[in-house]
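For reference, chains read A, B and C in written order, and residue numbers begin at 1 within each chain.
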Amino acid sequence: MLSIFYQGMLAFNPPQDEIVAELSEIKSKLANVAADSSDAQDLTVRQLELRELQETIDKSFLSKPPAPSAREAGIGPALMGSIWVCAGCTAFFLPLGVGTAIFLEEFKPRNKFLRWLSDMLQLNINNLAGVPSIVYGILGMTVFATMFGLFGSPNEPFFELGTKFKRQYVTEGMQVVFVPVADRDETPTLVDGMTALKSDGSEVKLNIIGDDDDFPEDDATLAVSLFSDSDGGVVAENAWYSFRLPFGRSVLAASMTLMLVILPVVIISTQEALRAVPMSLRQGAQGLGCTPWQTVRNVTLPAAIPGIMTGCILSMSRAIGEAAPILMISGIVAISMGPQHLMDDFSILPLQIYYWAGQPVNDADPFNFQHVAAGAIIVLLLVLFAFNSVAIVLRQIAQKRLS
Amino acid sequence: MKTKMPSKFLPSSSDSESDQHHPNVVSMEDFCAWYGDFQALHNLKLDIPENRVTAFIGPSGCGKSTLLKWINRMNDIVPGAHASGKLVLPDIDILARSTDVVALRRRIGIVFQKPNPFPKSIFDNIAFGPRLHFANLPKSDLDDLVEWALKKAALWNEVKDRLNKSALGLSGGQQQRLCIARAIAVGPDILLMDEPCSALDPASTSRIEDLIFELREQYSIVIVTHNMQQAARCSDRTAFFFEGRIVEEGATEDVFTRPQEQQTEDYVTGKFG
Amino acid sequence: MAVADTANQKPAVLQRRQFRSLATTRFREWFILAALACCTAFTLLITVTIVCLLVGQTIQFFSMPETSISDFLFGLTWSPTLGNEKLFGIWPLICGTMWVTVIAMCVALPLGLVTAIYLSEYAPKRLRNVLKPILELLAGIPTVVYGFFALVVITPALQAIGIQVDFYNAVSAGIAVGILCLPTVASLSEDALQAVPRRLREAAYGLGGTKFDVSLKVVVPAALSGIISAFLLAAARAIGETMIVAMAAGALANLTIDPRQQIQTMTGHMASTATGDISNFDVRYYSIYAVALVLFFITLTLTVIGNVVRRRFQEAYD
């Protein structure tokens, strides 16, 4: 355990001895060669490269995106993804779980058949808690991500909202320009003088080179020149409210799947919290003429809130650490940014750890992906520790309140 | 909503002269109650007079609490509990399916064995019922109501400076008086009390008994107790329950000093129970 | 008893007697009840969907030309990818799962039981208050962390003490799963031991039993069905565990009696097959549903028995 901790601490400050050594070597070499020789130029280029690399490495482990080299890799997008998925999952399980628990605990039926039914529902929930999370992953994959294939594939969705498409072209002057299109299949006809967007959003007039036209000479024209038959790739741009059916490998599909995993746990812990509220309080409220729901709303629920919150926070911490169902939905995705909207691709911390832990290890290298994985584990455990501490404090409040 | 009591409601079986002026607020006939297959009450016949204290006494498990809880249908939530026969207010059939328990409980308040203040402030405890029931409730009226209820329950002087403090900080006796004030604040006609002093020390008990005596000016009170001295001290009429039946019922003095039945005599003289 | 004169005058609100509309209250009540009932119905819907989905897709799987039910249930080779001949015999996967579960239970059961007995019978109250949250914290550690632990700590440690294990192997995965299940076994067993009435202990002490006698000969037997249910629920958890085996047990479906080799479990197969490649509807893709159905059936049986035993046990001492 300690070795994991030690390895992990390295990830926050990856060793750069080799780079530093090479830099000082270059420096001494530079002093010895003539300033305008080709050697000096090569060395300066290498120096700049190394400095850039150093800058990347020096960026915080918490915000760097994952990278093919261990020293440059970070957990930024994965951490954001975990936060998004956990928040989304909470938004679903909180109303559903608390609602179910209240129904089963506070609206106990008197009718014999209904009582049998509610017993069965309770048994069902207890058994759902024992279903392996990967089975929920399969359920989520089929129901949320692909929707049984009924609505086309996630790449060719049946329904889309808030998504704009652009064709991306590279001009003869190596400039990237975008031409907005109506849907993903449309190929725009390129006309001389039409407007296109640059990456920064500013508009430019395109110069289209037809078969008979001359190839332009000056750089300014080249930068906006395209051949009339050039082909561009489709780029999708999603608004914050974008939505599609099926959900695909999205944050939403993952949140809903995790909700399925966590729901039984939340229901059971909320029921326990409600059961801890003394019966005499409920009787008092009913004696004053409260309906069952008024009793719950005004008396039982307020008294049970700390207990319910304890259960919910513990469930959230379980949701953050859960990897198997998400693995079924999204697999290993290499992305450079955290999710921007509910339909975005994402990665989460546990999956990032899983991926890094499976990378080949080169024993000769003092810093490899195992160190990065250990670093991510430390972050994950710190988050869980924070969650658990809050839960323990809340539990104490709950016990004090009800005693 | 408020009902006019029929002025000529004939008291059926009361033989005491003083009760002639007190019409019945609750009357029952042939009333039976069950928990599942177990019959807890057998063919009860009883009238509860207005503005009087009626005590139910008897050994534990004799059904006195069951009857009390049926009067405002607290048994509704108990699985398997059902009842038959006649149990009526002058204008409402308590057992009828169409009777709304919320409307019923506005008229019939209940105080439990163990004080059960809500974990809220003293003020909010009293204001709880009014906020629930009254449509037009300006803040000043609510303040008046809370003050009135606390004065009625003889608690005002002790708590007027800390109305916003938690009710759980009060002593047991104060908590029970708070519960009485809470019940009164809804404006009921009838107060049911289920062994209200059994969890209290003698000093608090005596204060509550005094209070019950005061309150009967305006409320019809039914009190369940296993403490015979208490019944003798603060009730006008007494019903003695045994194994789900009313063995004897009448003016308290008669029941305690001139019991008609052997069982009653054995019980009040302490031979069993 | 200072009731002022004004106190006999009922306050304005009580004189007005303007009540809120009962119809509105009742309607809101009905509406909320319906909403809550829908929430509850959703849990039932989950179960129904799981069963229908798994059964339906499994039928699809068996309707493919490469597969047959008898091969699946009795075949001894699982090679969904190799060459032209794809074989779907479930036994190698079950064998892998069994190895991991058996090893995990060998670790979790004795340790968990000893922990539970210590916590319930021996530990002073203060120590208990410290140990229980630690146990819970242990239960909250994500499974990928245990998987990593198995890879970088357990396997090298086994190799260091002279056990010739492969880099990926069933033993270290099993040990890690065992550590994962330990809190479950410990806390459920501890609940069971705590549920044994004091009078039983008092009677045993009264007959002159030592603490050891009382715990082992009276309390543990009395709580046996509770402990068995803890064991069943933990075993269900071990069978369904995915990340640890995916990381540390390897990916070679192997009908072996040697747990030092790499194996593949049912969950491991699902994880390695469906890693996000959800647009490819071939026979291999459908095989995960058939495997999931078997897995679901096994864990559900264990959980149902475990829950029924637990309920019986609780009722016995209520």
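To be clear about the criterion, contacts are C-beta pairs under 8 Å (C-beta built on N, C-alpha and C of every residue); 3 or more make two chains touch, one makes a residue touch a chain.
These numbers were taken from a predicted model, which means no experiment stands behind them.
The minimum number of touch steps linking chain A to chain B comes to 1. For the criterion of most C-beta pairs in contact, the winning chain pair is A-C. The chain with its CA mean position farthest from that of chain C is B. Legend note: the chain whose CA centroid lies nearest the centroid of all displayed protein CA atoms is C.
Here the spacing of chain A and chain B, counted between their Cα centres, is 60 Å.
Centre-to-centre, using mean CA coordinates, chain A is 26 Å away from chain C. Computed from the mean C-alpha positions, the centre of chain B lies at a distance of 51 Å from the centre of chain C.
Shown for chain B are the residues in touch with two or more other chains, namely 102-103, 106, 132-133. The residues of chain C that reach two or more other chains are 25-26, listed in rising order. Within chain A, residues 291-292, 294 each touch two or more of the remaining chains. Within the complex, the chain A residues that touch chain B are 108, 110, 115, 278, 280-281, 283-292, 294, 298-299, 302-303, 401.
In the complex of the two chains, the chain C residues touching chain A come out as 25-26, 28-29, 32-33, 35-37, 39-40, 42-44, 46-47, 49-50, 53-54, 57, 133, 136-137, 140-145, 147-149, 151-153, 233, 236-237, 239-243, 246-247, 267, 270-271, 274-279, 281, 288-289, 292, 295-296, 299-300, 302-304, 306-307.
Interface of chain C with chain B (complex): residues 1-4, 6-8, 10-14, 16-22, 25-26. Listed in rising order, the residues of chain B touching chain A in the complex are 72, 74, 76-81, 101-106, 109-112, 114, 116-119, 128-129, 132-133, 179, 182-183, 186. Chain B makes touch with chain C in their complex at residues 1-2, 100, 102-103, 106, 130, 132-137, 141-142, 144-145, 148, 151-152, 154, 157, 187, 210, 214, 217-218.
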